[in-house]
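Both complexes shown next keep subunit A, but they swap its partner, so subunit B is in the first and subunit C is in the second.
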Partner chain A sequence: MNARATTPIVSIDDVGVHFPVSRGRTLKAVDGVSLDVMPRETFGIIGESGSGKTTLGRAVVCLEKPSAGRILHAGIDPYGLSSRELRRHRRGYQVIFQDPNAALDPRMTILKSIREPMDVAGELTVPERHNRAIEMMERVGLSPDFASRYPHELSGGQKQRVCIARVLTLRPELIVCDEAVSALDVSIQADILNLFAELQAEFGLTYIFITHNLGVVAHVSDRIAVMYLGRIVEIGRAEDVVGTPGHPYTEALLSAEPVALPAHLRGQNRVMLQGELPSPIAPPSGCRFRTRCRFVQPICAQTEPPWRETTPGHASACHFAGELPMMSGAELHPLKAGQPGRTVETGL
Partner chain B sequence: MSVLSEGAVRPVPAPRRRSRFMAWMRADTRAAASLVFLILLVGASLLANWVAPYSPLEQSMDILAPPSAAHLLGTDDLGRDVFSRLVHGAPASLYASVLAVLIGTSIGLPFGVLAGYLGGWVDTAVSRVIDTILSCPSIVLAIAVTGALGIGLTNSMIAVGIVFSPGLARLIRVQTMIVKGELYVDAARTFGMSTPRLVLRHILPNAIQPIIVQVTLLLATALLAEASLSFLGLGVQPPHPSWGQMLARAYAYMEIAPAQMYAPGLAIMFTALAFNGLGESLRSQLDPTRRRSD
Partner chain C sequence: MADMTSPVPSAPLLDVRDLGIAFRSGAGMVQVTRDVTFAIAPGETVGLVGESGCGKTVTGLALMGLLPSATSHITGSVQLEGENLIGMPARQLQRRRGAKISMIFQEPMSALDPVFTIGQQISETLRAHRSVSAKEARERGIEALARVGIPEPALRFDAYPHQLSGGMRQRAMIAIAIVCEPRLLIADEPTTALDVTVQAQIVDVLGDLCARLGMAMLFITHDLGLVAQTCSRLVTMYAGEVIEQGRIDDMLVRPRHPYTSGLLRSLPALAARKTKLPAIPGRVPMRGEMPDGCRFRPRCDFALPPCEAPQPLDPVPPVGQVRCCRNDELELKGVLS
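Showing the complex of A and B:
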């Protein structure tokens, strides 16, 4: 057990996922990302649309094959396995998608959908699969009456619970939650997030939590990586990243989050991002964020910024990390800063 | 950590299968009428010797007679009873259309699914072959294939089936490409589902809907193709009856006895309509999101 605690459950090593686009160009959705996820932690990945966070998540569960680098699952390279071994191995690495509606086959009843992973595994007897499916439905807060219904008869939150019950039947070690609550109502979001936290304690799960919502990720994650244009720009413990951002992009993300305060109580501390996300087909030279950075210097266009560790375990890919006159999380977020914990409040 | 409970399988409300069929038939009169018509047709085909009052080959001096008590639908140019020929022609026509569609789907479906699922050079290769076949006029192609295989109803319907296959392949290819990108397919893949099972469990059931409709349309088209090929002398050989051949014969006497065309023509039309009606209803019935919640 001791050895396992020190082996990352997912080790991403200089991974790139490239897609060919027209005229021989390639879109580097993920470009040189390295990170380790330790067992039983919740690792948040945050970034705006097009930052490559979903592609990275898909690569972790072997839905996209890395074009460069490699991803190890507890020390095992899944692409080094035979296809039969890979099919068996990947049961431990599951994903919950953003759109629960699209993740369920419209022609299968709820019970059939939940049983499907066990049917594929073929390890339990049919009555055992049936019973476990019903138990999982109850565990995620669904009445067994839904068993013979079809997905279109359920609400979004109920469908997401079905998806969660479905992956839990496999007893996975890691679950990638790809915007798993973004498509849901705010009240349902909190319920589902609490369910995730309970299940983590109960089943010893590791989560990779992918979202564009900093409020969600800061509350549920132990560590956070901030992605921009296929790269990680900042990584660290959740309270460090949110409390003292080291990269100007993180500062802008924090600032973009809505604050539940009347306008006259809010400070004037707003950092507005200018311009659009540059094309990942032809990313800017040097630092990728330089086209939108308020602290941009000539060096930013010339050399790629190295990793600079501001405090132990908290690093930023910025030439001037730790030296910039950036606002802290407390200034940007009078309500949230100082209390990043594991509790989830409604009305995030 | 076992959370499995001891004891029996826990019951869940089961869907009621038998009543679902009756509810479907009650809700969709057209489907019910189509089904009844097709059952009657198959019944008449099987019992042709007892249903038909005369032998389909028995000639008399009473030619091109209008309907009467003796000859329900009149007689043809050789004095044969039209009703008897119609009943005896039904098996040939049904056999022909079913055979052609079976051959068309059994060639078209696997190639289309393969091209759509695998993509890449397989898709390119299959698509070019499809384009090549589609560029030939279908009836000419059917005549050429029949010429190569030899004259006869079965061979001419194999030819028609081959002509049908590229259209079906193209349709299922596009559907497969759409369904392949669905999230539930990705989800099934993360459960470790093998590719053949993925195709059978998720892709085919979700891609097949337009194929069902297309197949029922093709059943009707095959009926007409059988008529064309029999007309050209490549299908059923005289004196044995088929609807297409009867229509072709009646066509020759159109100016002196136009009523001759009604019986085979209407038989073809109603059968085609029944196939279409049943197919359309079947498609919406198989779609759980369309089903009325009861």
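Showing the complex of A and C:
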């Protein structure tokens, strides 16, 4: 048990996921990503469209085979297993998607949808499966009355609870939540986030929480990785990444997040990212963020930035991490009045 | 309620009173919104928030006269610069839409026509409302594209929608909406489909346009952070009714309706990390099963027997209004408490 606590539940080592596109070119959706997720941790991955966060999440649960590098599950290489062993093994590594409408079969009752993973696994007797399905429904806050209903009779939040119940039936160790609360209204979103936290305490779950919503990721995560164009640009404890960003892209993300505070308490400091995301098929040389970075230097186009650790466990892939006059989280969103504002435009 | 004092001191640009929208459904009519009353002053930016199904979007569509008359029944009045748009003949309404009042939507790809260039779509609006030559239309179209921050506007004028990124498409749609310099822009979740950094750019463009053209904006969204950043006033809708309105900075700190307070408190960005978020129990009631009296009552922590009676919109000095009979006695939590 002791050794387990120090073995990462997911170990991603220099992983790339490449897709062939037309004319022999390759889209490197994920390129050279390494990170470890520890048991019972909530690991947040944040990035915008095209950053590769969803592809990385899919690779973790074996829905996408890495084209380079490898992913270990608690020290085991899932692709080293026989297909029979892999089927059994991957039950422990589940995923919940953004749109519960697409995840649930409209012609199956709620009970049948929740039972389906156990039916496929075929390990329990039929009454045991039924009982566990009902038990999980109750656990996620759905009345057993819903058992005979169909997805269209449920609200978005209730459908997402069904999706959570059905992955729990297999007693997973890790759940990848890919934008699992993004389609929900804020009050429902709060409910589901609370549920995730309770389930984690109760079942000892590990989460990889993938989202574009900084507020959500900062609230739930122990550690956060920031992705840009297929690469991780910053990684660290949630409070460090949000409090003292080390990478200029993280600074821009923090600044772009609209915060519901009155004008006099809102930071007047802003970093406006200019321009568009470069094509992931032909990413910029050197640092991929350099075309939009407000601190860009000649070296950024020439060499790929190495990892620089600014404080223990907090590292950024930037040539100048820790040396740049970047705005802190408190400066971008201060709760104090009377700070002079500055707006910086970048990447013109 | 008709004699209620307007919350906006100067003559309003838009004055919506007792707007009720009902849709034909099977044999009967289903009331979707009722008694929606608010006003927008010239150049003012007002946020309209609420969860899905609260009636925000249908209200926006009704203001534009875009609801199908065969299946919808609209009551009340919508005065734009003193003219009632409700019941206005289609031809007259057509002359105001796009010229005085414009709307942009969440999904620019479905709002733009894929077989026409951006330029053709801008010119179409311009030539429908202004007598301009093709050459002039092109010049003014390019100018509008430049105004919304599209790089190389002369090139983009001849591009098709699929050749632009999501953020650029949304800019193009804004350009079409503002080319005739309308007095009011209705923006229905204009940034929901966009990434946060692109959202920040679009919000910047919208704020800049309002300031430069003196244009008023009704910003429909579920994101209270965005409203805080873009609007000076906030209108909260719940289950088809306006339940609170006031100055945004007052409402963020001291909401008067338990629903507004609940929305603010459930925001994860403002809660301490890893703490339990105060969620609002239950869900928005379905149309046709609306509770009597206060519609929020079944989900409200503060409900008492008087809440079973219909709730009027009470004034909240200096400029606010709230539909809650307990608003005086409750000390509701806002974003700072």
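To be clear about the criterion, the second predicted complex is superposed on the first by the 332 of 348 C-alpha atoms of A that agree within 3 Å, B and C clash if a C-alpha of one lies under 4 Å from a C-alpha of the other, contacts with A are read in each partner's own complex, and residues count from 1 in each chain.
What we mean here is this: contacts are C-beta pairs under 8 Å (C-beta built on N, C-alpha and C of every residue); 3 or more make two chains touch, one makes a residue touch a chain.
For clarity, every value in this text was computed on a predicted model and none was experimentally measured.
Considered on the superposed subunit A, subunit B and subunit C are sterically compatible, since they fit side by side. When the shared chain is aligned, subunit C comes close enough to touch A:48, but subunit B does not.
By the touch criterion defined above, A:24 reaches neither subunit B nor subunit C.
Contacts of A:135 after superposition on the shared chain: subunit B is touched, whereas subunit C is not. Shared-chain residue A:220: touches subunit C; no touch with subunit B.
Look at A:312: by the touch rule set out above, it reaches neither subunit B nor subunit C. After overlaying the two complexes on the shared chain, residue contacts for A:61 are found with subunit B alone; subunit C is out of touch. Taking the Cα centre of subunit A as vertex, the centres of subunit B and subunit C in the superposed model span 80°, given to the nearest 10. Taking every C-alpha atom of subunit B against every C-alpha atom of subunit C, the smallest gap after superposition is 12 Å. Applying the stated touch rule to the two superposed structures, the subunit B and subunit C interfaces on subunit A have no residue in common.
The part of subunit A that touches subunit B in the complex is made up of residues 58, 61-63, 86-91, 93-95, 97, 99, 102-107, 109, 111, 116-117, 120-121, 127-128, 130-132, 134-135, 139, 144-145, 147-148, 150, 152-153, 163, 166, 170. The touching residues of subunit C, when paired with subunit A in their complex, are 51-52, 165-168, 195-201, 203-204, 222-229, 248-249, 252-253, 262-264, 266-271, 273-274, 276-281, 283, 335-336. Listing the residues of subunit B that touch subunit A in their complex gives 3-5, 8-10, 12-15, 182-184, 186-194, 197, 201-202, 205-206, 287-289, 293.
If you check the complex, the residues on subunit A that touch subunit C are 48-49, 155-158, 185-191, 193-194, 197, 212, 214-216, 218-220, 238-239, 252-253, 255-266, 270, 272-274, 276-277.
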